[in-house]
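Structure below; questions to follow.
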Amino acid sequence: MAAIRIEARAVAHRFAPGRGLQPVTFVHDGAGCVAVLGTNGAGKSTLLRMIAGLLRPTSGVLEIRVDGADVPMPARRRVVGYASPELAFYDEFTVGENLAFVADARGMDGPAAAVRDALDRVGLLERIDDRVAALSSGMKQRLRLAFALLHRPPLLLLDEPGSHLDDVGRAVTEAIVAEHRRTGLVLLATNEPRERELADSRIELRGGLGHPA
Amino acid sequence: MIARTTLFLWIAVWTVLALLWAPLVPALAETTRVLYFHIPAAWISVLALAWSMGHSLAYLKRRRLEHDDQASAAAELGLVFCIGATISGSLWAKAMWGSYWNWDPRETSIFFVLLIYGAYLALRSSIEGDERRARLSAVYSAAAFVTVPFLMFIVPRIYFSLHPDPIINTGGKIQMDPRIRISFFALLIGFTGLFFWMLSLRVRVLRVARRFEAVDAERAGSAA
Amino acid sequence: MPTRESSFAAAWAILRKECRSEWRTRYGLNSALLFAVTTLTAVSFAVGRMGDRTDVLAALLWVVILFAALASLAHTFVREVEGHTLTLLRLTAAATPIAVGKLLFNLLFLGVLELVTVPLFLILMGAPPPHWGLFLGVLALGSAALATAATLVGAVIAQTRGRGALFAGVSLPLLLPLLAAAVSATRAQWSGNPVTFELRLLAAYTLALLAASLLLYDHLWED
């Protein structure tokens, strides 16, 4: 797969005075699994959103390089698969329709096959024609994972991937992380010790509740 | 200190001169005096709008909150001057032509400016987060900027004008007694200076407030 | 950067999604139609037939269209924000194709709304027969301008606390020039006067605002 490099130089996000992500600096090269750690409010989700291109840093420089080429913010959605608890789907559509829309909008070749493949990997294939409104929260979490995997991105960003999941769901997630980290990069933002153990390196964020900035 | 005193003296002296020394415009009679305040107010409303929009565009390009401070401060002041211009214009219209409002091109234009200010400030007050507020209001400002010229084109076509154009041509030469002309331009300059002075004060307040908040937040963080 | 093809693919996919979503839930179109018919009924009831006053008719027609538009055109964005699906959308497509897809949907929506409202208006108000070519031309250009402005403002206010309540007030300044031109042109075609100036103005306004929007949409969703 592709070679990934993430470099952050004093990257911060100021939402209001004193609140937000405090400046963080790190470099990561190549495949693997990295845990993003910090207390509530430290900015784990903020950092992931910035890497995904959803949020612009208010200071500092964040560079993502895939195969040596810089990926600017507007293009990040192509190389990033992002799953986070506040990611919601269209309740009036079925599971399959939601993912088919995403595949069509991304201009993917063979969208139907890609949708089935992604759903199969997370174990949701038999629910493909169920409306999203009818899914349990655990199933919705798996759907988020399928959404992140749909376009086979080199970089996977998982924010609290274990939320709402039962043991089977967690096993599915761990299998996907294990498979992806061999050739691509996985960033896990988490407070769970079990998920922390999956990673082979970590980024610790200062600030937030309980930590002096 | 000196600049401020000079400004106030300038305005004070020229106000007295305008009211007592300059003669009345024959066609306007006693209402002449309004033009020394109404027209500068209208001019400043438009100037402030252009200033605000310019800084909005600068913010979108450079993402520095100083530009947003300028844009919002100019809009707040511009609104005040615009309300002044609208009310004084309306009173003048009532005294001259018997009706408070007629939707003639000038009245329509100043009302349009008032609406833009109102919408811009209402939008700002409903957004949280400094950066988001700056960005979204700048986008709106840029869109409004595009529509302004069109209003200038369509309004004259639709309505006849009650404005005393043959007597005072505010666009080009002003054909009237030199004492009126001098007083008018002096007060125009004075009030423009007043606007920029108030603007600088407001921008400074915004900047200091932000720094206070930052210090407060840091202190709260380290005390925890 | 996305290739041209994928921008079109994205906008087209979003347009189809909006249509399908509207078809499934239908509350957007239903409430808009209800609103338009209610406004029309109120006006017609209060004023009666006004076949001779084409100046008033022109104004009333556009007021009804405007009200119905203000009540409904922000929904495409507000629904995304309230349903929390905006993140999904932003991860799927770039800002400009998203906005273009929704603009096309709003255009379609407005078209359907007018298909019902305009004939009803002409009949209820006892309007004289219009010069159909010119009348439809003004309607089309005016609606295009309206949809362009409303889509941009809708995208902006969807992220505020006021949302729908703000939509009317914030879009009004942008809509004034188009309203004036559309009313003037509608009145002119009934009295046999030329409408070329207003049509050109409406076209120029739409293009200018569209061009500005395409540049501005990229700045809208950065958080």
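Labels A, B and C are assigned to the chains in the order they are written; within every chain, residues are numbered from 1.
Basically, a contact is a pair of C-beta atoms (placed from the backbone, for glycine too) under 8 Å apart; a residue touches a chain by one contact, two chains touch by 3 or more.
All values reported here derive from a predicted model rather than from experimental measurement.
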| item | value |
| --- | --- |
| Of A-B and B-C, whichever chain pair has more C-beta contact pairs | B-C |
| Of all other chains, the one whose Cα centre sits farthest from chain A | B |
| Most central chain, judged by mean C-alpha position against the global CA mean | C |
| Chain A-chain C separation of Cα centroids, rounded to whole Å | 37 |
| Geometric centre distance via CA averages, chain B-chain A, whole Å | 48 |
| Centre-of-Cα separation between chain C and chain B, whole angstrom | 31 |
| For chain B, residues contacting two or more additional chains | 128-129, 131 |
| Residues of chain A engaged with two or more neighbouring chains | 56 |
| Junction residues of chain C - those touching two or more other chains | 222-223 |
| Residues on chain C engaged by chain B in the complex (per definition of touch) | 149, 152-153, 156-157, 159-162, 166, 169-174, 176-178, 180-181, 184, 197-198, 201, 204-205, 208-209, 212-213, 216, 219-220, 222-223 |
| Residue numbers on chain B that touch chain C, as the complex places them | 60, 112, 115-116, 118-119, 122-123, 126-129, 131-132, 135-136, 138-140, 142-144, 146-147, 150-151, 153-155, 157-158 |
| Complex contacts: residues of chain B adjacent to chain A | 63, 128-131, 210, 213-214, 216-218, 220-222, 224 |
| Residue ranges of chain C in contact with chain A within the complex | 1-3, 5-6, 9-10, 13-14, 16-17, 20-21, 24-25, 83-85, 87-88, 90-95, 97, 218, 221-223 |
| Contact footprint of chain B on chain A as seen in their complex | 14-19, 56, 58, 207, 209-210, 212-213 |
